[in-house]
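Each structure below appears as structure tokens.
Here chain A shows up in two complexes: once beside chain B, once beside chain C.
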Partner chain A sequence: MTLAPNAQLPDRDHSPDPAPGTPPRCARTTPPWWFMAPALLLFAFVVLIPSGRGLYYAFTDWDGLDPDFSFIGLDNFAEMTRDTDAVQAIWHTLLIAVSITVVQNAVGLLLALGVNSAIKSRNLLRVLLFAPAVVTPIVTAYLWRNLLGPDGAVNSLFGAVGLDGWRQDWLGSPDLALWTIVGVIVWQYAGYSMVIFLAGLQSVPQEVHEAASLDGAGPVRRFWSVTRPLLAPAFTVNLMLSIIGGLKLFDQVYALTGGGPGHATDTISTLIYKDAFTLGEFGYSIALAVVLTIIVAVASTGQYALLARSERAAS
Partner chain B sequence: MSRYRPRTLALELSMIAVALLVGFPVYVLVNLAVRPASDNSSPISPTSSPTLDNFSQAWQQGALGGALANSLLVTASSVVIVLAVSSLAAYPLARITARWSRGTYLLVLLGLVLPFQLASLPLYQTMRDLGLLGTPWALVLFYSGLQVPFTVFLYVGFLRAMPRDFEDAALIDGCTPLQGYRYVVLPMLKPITVTALVLNTVAVWNDFFTPLLYLSGSAQQTMPVAIAGFVGQYVTDWNLIFAALVISILPVLLIYFLLQRSIINGFAGGLRG
Partner chain C sequence: MKTRMFTALVATTTAAALLAACSGGTKSASEGGGGSKTLTLASVDQGSVEDVVKAFEKANPGVKVRYTTSGADQYQQQIRTQLASGTAPDVMSVWPGNGNPAATHVLAKPGYLRDLSDQPWAAKMPPAIKSVAQYEGKTYNAIFGQNGIGAVYNDEAMKKAGLTPPDTWTKLLAFCRDAKAKGTPAFALGNQDNWVTQLVLYAMVATTVYGPDRDFDQKLQAGQATFAKSEWATALDKYLTMEKTGCFQKNPLGTNYEASQQLAATGKTLGIIQGNWVIALLKGKNPQASFTLKAVPATDTPSQTLIPAAAGAGYGVNAKAKNPELALKFVNFVMSPQGMPLFTKKQGSLPSLPDTGFKVDPSLTELSTFITSNRTVPFMDQLWPNAKVQQTMLSGLQEIFSGQSTPQGVLKDMDNDYKAGS
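Moving on to the complex of A and B:
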């Protein structure tokens, strides 16, 4: 560790002696509170104050422009229960978040176990499989929109290998579109889950495996009894990331289907955008954002508590 | 690692098959981006007479140069600001044990749960009143605040696990607190700074929703919004669109493959942070 520009530090000999009466080993010195000020001001201006105002607007009929708006109590939320688009969007959001969490982590874990083996291409594979996670989601979504079209590359590929029965209108069919979106997300982020699981796997010492193996444990037993408990922190991080990311999903839906066909793939986030910027219903739109906030808060704190408990149980 | 057995070979081959499947969209992307509009063959058959015309056309018609410059400006400024203010704030947050300090930290962590959709509409109005809408500075300001909770969280976790002896020595030696931070604490924060740098850069560079809101209708666009506009304009001219997609992906992938070790470790580093 370098304390590099030593020249900038005052020389010890020239520093004043501690005042008489203070112990020679100085009491712990603490940095001043005002170091927090710039970050707190930015955080308050961008996140805290607007969120607080948003919470208030959710109970009004504000249209985003008119300074004359009135307090309408819970009307926006009551309206939401009658608005089938909103109810559908909330359901889609939950469905997408849960499916992404399950599938992405299952695939990510399998990839991590594969890459953490004795195979020769493991370093190259790790780099290649993670690559989609750094590419702009809106860009990969437009790419997939073309690939998944009726005459797109995915259907051509199925045709070329004799699976003509598998050709589908992946994004145009109301029954399929939602699952297609989940598939695109998994394609992009399974490598991300893999990298986090891999970091967890590499913290399992090889000797532990060898000991278990000598004791007669097969690969499945070794995974379940040795690896899995030590992967608990990686599970916590991965599950939190995918559930929160899934609940807030916007970019991919916007680019792949725009919420369609009809409203078959609308999520809370795409509905917030449409209601605010095409319909001018800011108050209602922010009420939707409040619902999203509550779902995210409940899901993440609930999941965190659950995982922290199993992490403790595993250790 | 264990020995290379026939089973390992089978695993190796199936992993490579998975990688090819993951890479399949990239093959089609490049294949169609170099294809002249007159070529109507199947998207998966290799283009017979590749051309680079689509790239120059996309670059000019999509004003992608300007978008690239804007994205660079916004990402670099926001990330520098957020790393500076967050590491500075994390120092007292990690070291002062008084109740108000813990309370402040919890308030900042609340920002991890609040979805930005809640803040973005009221903030839209504030930005409009300040005359910042349509300028990249609205975005710099936004990200500088939005990324504070996560970045502070990374720094505080790291600082709490770090011994205080060095900074105490520096302060006793007559450093001002700011000097102690600059010359003692900051250099020791380097590993977590790399993680925070990588995660913030990727998050800011790739964000679409915020610039869609704050820059809509303006000539100043970031790369993701410019691409969305381009797709909207050239709806069916997919060869041209694919060339634009390649142009936007290329710098990202280039940096990724050059710095893959630090980047992957940065993403995995959130685990230890």
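Moving on to the complex of A and C:
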């Protein structure tokens, strides 16, 4: 679910090629607005109306069953500030989102630069590195849950090569568990970021690099002054996808630790699930969901505005 | 054109799916009660109720049972709507005690369930079962099966280690030390799955809390007792003493339920403290091995030891049943020596009533003896007023094990949630 390829991409021109002048436009007629009606109706029924109704429940004490519930104003939101589990979960969510965004994209970029060079069997490497991204998150999470057990493959491997000090209780230690989750997600999606960067890299014209080399620019300088600005659109897409994915993270956390030990890895999403379906506090959990929506909206639009500006500056 | 066709297709499919989801499960109820020979039934015992229905129809020629089965979550949401709108079936699954939307207290309080106290089996129910089948002194729930928590030993591993199951607290700790010294920890503990964390604690609480005071729950309800200032603190302390003594394998918080079964099944630990349901799973992992369930001692007097044993979901009769005679007949069949073993055998549980002629699996002899001699107490959470108390306990136990919280802190949090009521 996380970082799904079907997430909405910003609707703008990704061509890194700064075309001089406007390309000739295809002549097209504007279709009548009511052509949208069927899709809009479906969207309204499936998304808009349920979301709107859901929003109302955030201000009630509904238990998910009883038709007799009362409007309690902002009580649920006030409760959130007193609920240490919720405050902790919001903090964990931000921590996970930021670290995934930074690490996943850094690793993805390095991998992209690596497989973009003339190394041997690079096509095979590209496939292998991208492979984890096509596996269902819940499957990889269960896989890692077993690999990371106290007697799992990871610890056994460290033991076998004499690195006994590296053996850890990866998912059972409250200090480590959150970072283990980040590690698993980076493992799964770094290849995904890599593919987007790779697409960007391959559209960087070779002539520009050659010209820069002739001017005496070394590899680092060439990356910084030529590749990086031309990769700006790829950065925008990647950062946006990973920050949204990181903020709404649920399945991997739930499968790997269930939010535990205790509440050490609870994110807003796992807390929403627990409050609603285990405790029957639907009103409160919907209020949490509203907060999550606001955080995602603010973070993604803010980030988009920022990156769009730097993209313009780069081009 | 193609896109619009596709949109239309998606729209119709979605609508159809939504309609199907809304109507699912209520079908039998709205159609039910046709003739005097038709009984309507809603059950959560998927996989076992089918056999019981077949046997019931065979024993009562001409009778037709219209039944639906569904998962617990879906069922709990459905049944209340049906009861409120008068479309509920004659007989329905009802959970013991309190704490979920289709539990005995919750449904009996507004008068949805028929009083079954006058049925022949009601008086024969052992007290531990009766306490969760009743509401205000009247029996509403025909509970047919029960499960217990104990130490499940791997017989081969025990033989190899040359150790025998301990029956006192002191011997238990010595057993743990000996087992550890031989390189095979005594018990596997899969505390990564938070529901597992409670089992050892329940085993301790049964003896330390309910041994001296069988009325602890009434005192808790009346506000005369608390978790923090009761023997619960002692029980929790014993749990941690076991951990410190090395009764469990290393890193229980990183070990999940599945991995803990693997340890006990293959003899990497001498056993596991779990519910009796784990035996079938252990045998699945190691078909050659044999396992024995024993009570977990918490004091030095073996006769004081109690086992936590919980009733499973049973059946209640709709107070407004369209066919009350047949409904009673069915419930009595479930509680009879013919019906009960059909359920318990398929579910791997023990019958709730004595003398059903059920041949107990040899690995469960001790549990069965404890049940017949009234040395069991219900799972502690079955009489708590809301689901939060248990959730607080479960995550609290993980926090204690990882040094994020203290026993007193967790027990106080449980008290606060308990006081918040239903």
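Just so we're on the same page, the second predicted complex is superposed on the first by the 285 of 315 C-alpha atoms of A that agree within 3 Å, B and C clash if a C-alpha of one lies under 4 Å from a C-alpha of the other, contacts with A are read in each partner's own complex, and residues count from 1 in each chain.
Quick note on the criterion: a residue touches a chain if its C-beta (ideal position, glycine included) is under 8 Å from a C-beta of that chain, and two chains touch if they have at least 3 such contacts.
Given the structure is predicted, the values throughout are model-derived calculations rather than measurements.
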{"item": "Partner chain(s) touched by A:S121 [first = chain B, second = chain C, both, neither]", "value": "first"}
{"item": "Which superposed partner A:G280 touches (first chain B, second chain C, both, neither)", "value": "second"}
{"item": "Partner chain in contact with A:R53 - chain B first, chain C second, else both or neither", "value": "first"}
{"item": "Touched partner set for A:L171, first chain B, second chain C, both or neither", "value": "second"}
{"item": "Touched partner set for A:K248, first chain B, second chain C, both or neither", "value": "first"}
{"item": "Touched partner set for A:N146, first chain B, second chain C, both or neither", "value": "both"}
{"item": "First, second, both or neither for A:A217, with chain B first and chain C second", "value": "neither"}
{"item": "Contact breadth on chain A, by residue count: chain C or chain B", "value": "B"}
{"item": "Partner chain in contact with A:L230 - chain B first, chain C second, else both or neither", "value": "neither"}
{"item": "First (chain B), second (chain C), both or neither touched by A:G258", "value": "second"}
{"item": "Intersection of the chain A residues that touch chain B with those that touch chain C", "value": "38-39, 42, 46, 64, 146, 151, 277"}
{"item": "Chain A contact footprint on chain B (complex, rising order)", "value": "1-4, 8, 11-12, 14-16, 18-19, 22-25, 28-29, 32, 42-44, 81, 84-86, 88-89, 91-93, 95-96, 101, 104, 107-108, 111, 113-126, 141-142, 144-146, 148-149, 152, 164, 166-168, 170-175, 177, 179-181, 183-184, 187-188, 202, 205-206, 208-209, 213, 216, 223-224, 227-228, 231, 238, 241-242, 245, 248-249, 252-253, 256-257, 260, 263-264, 267-268, 270-272"}
{"item": "Interface residues, chain C side, partner chain A - complex", "value": "4, 7-8, 10-11, 14, 73, 77, 80, 101, 191-194, 249-256, 258-259, 386-388, 391, 395-396, 398-399, 401-405"}
{"item": "Interface residues, chain A side, partner chain C - complex", "value": "38-39, 41-42, 46, 64-65, 145-146, 148-151, 169-174, 257-264, 274, 277-280"}
{"item": "Interface residues, chain A side, partner chain B - complex", "value": "1-5, 8-10, 12, 14-16, 26, 28-33, 35-40, 42-48, 50-51, 53-55, 57, 64, 111, 114-115, 117-121, 125-140, 142-144, 146-147, 151-153, 156-157, 160, 187, 191-192, 195-196, 198-200, 206, 233-234, 237, 247-248, 250-251, 254-255, 268-269, 272-273, 276-277, 282, 285-286, 289-290, 292-293, 296-297, 300-301"}
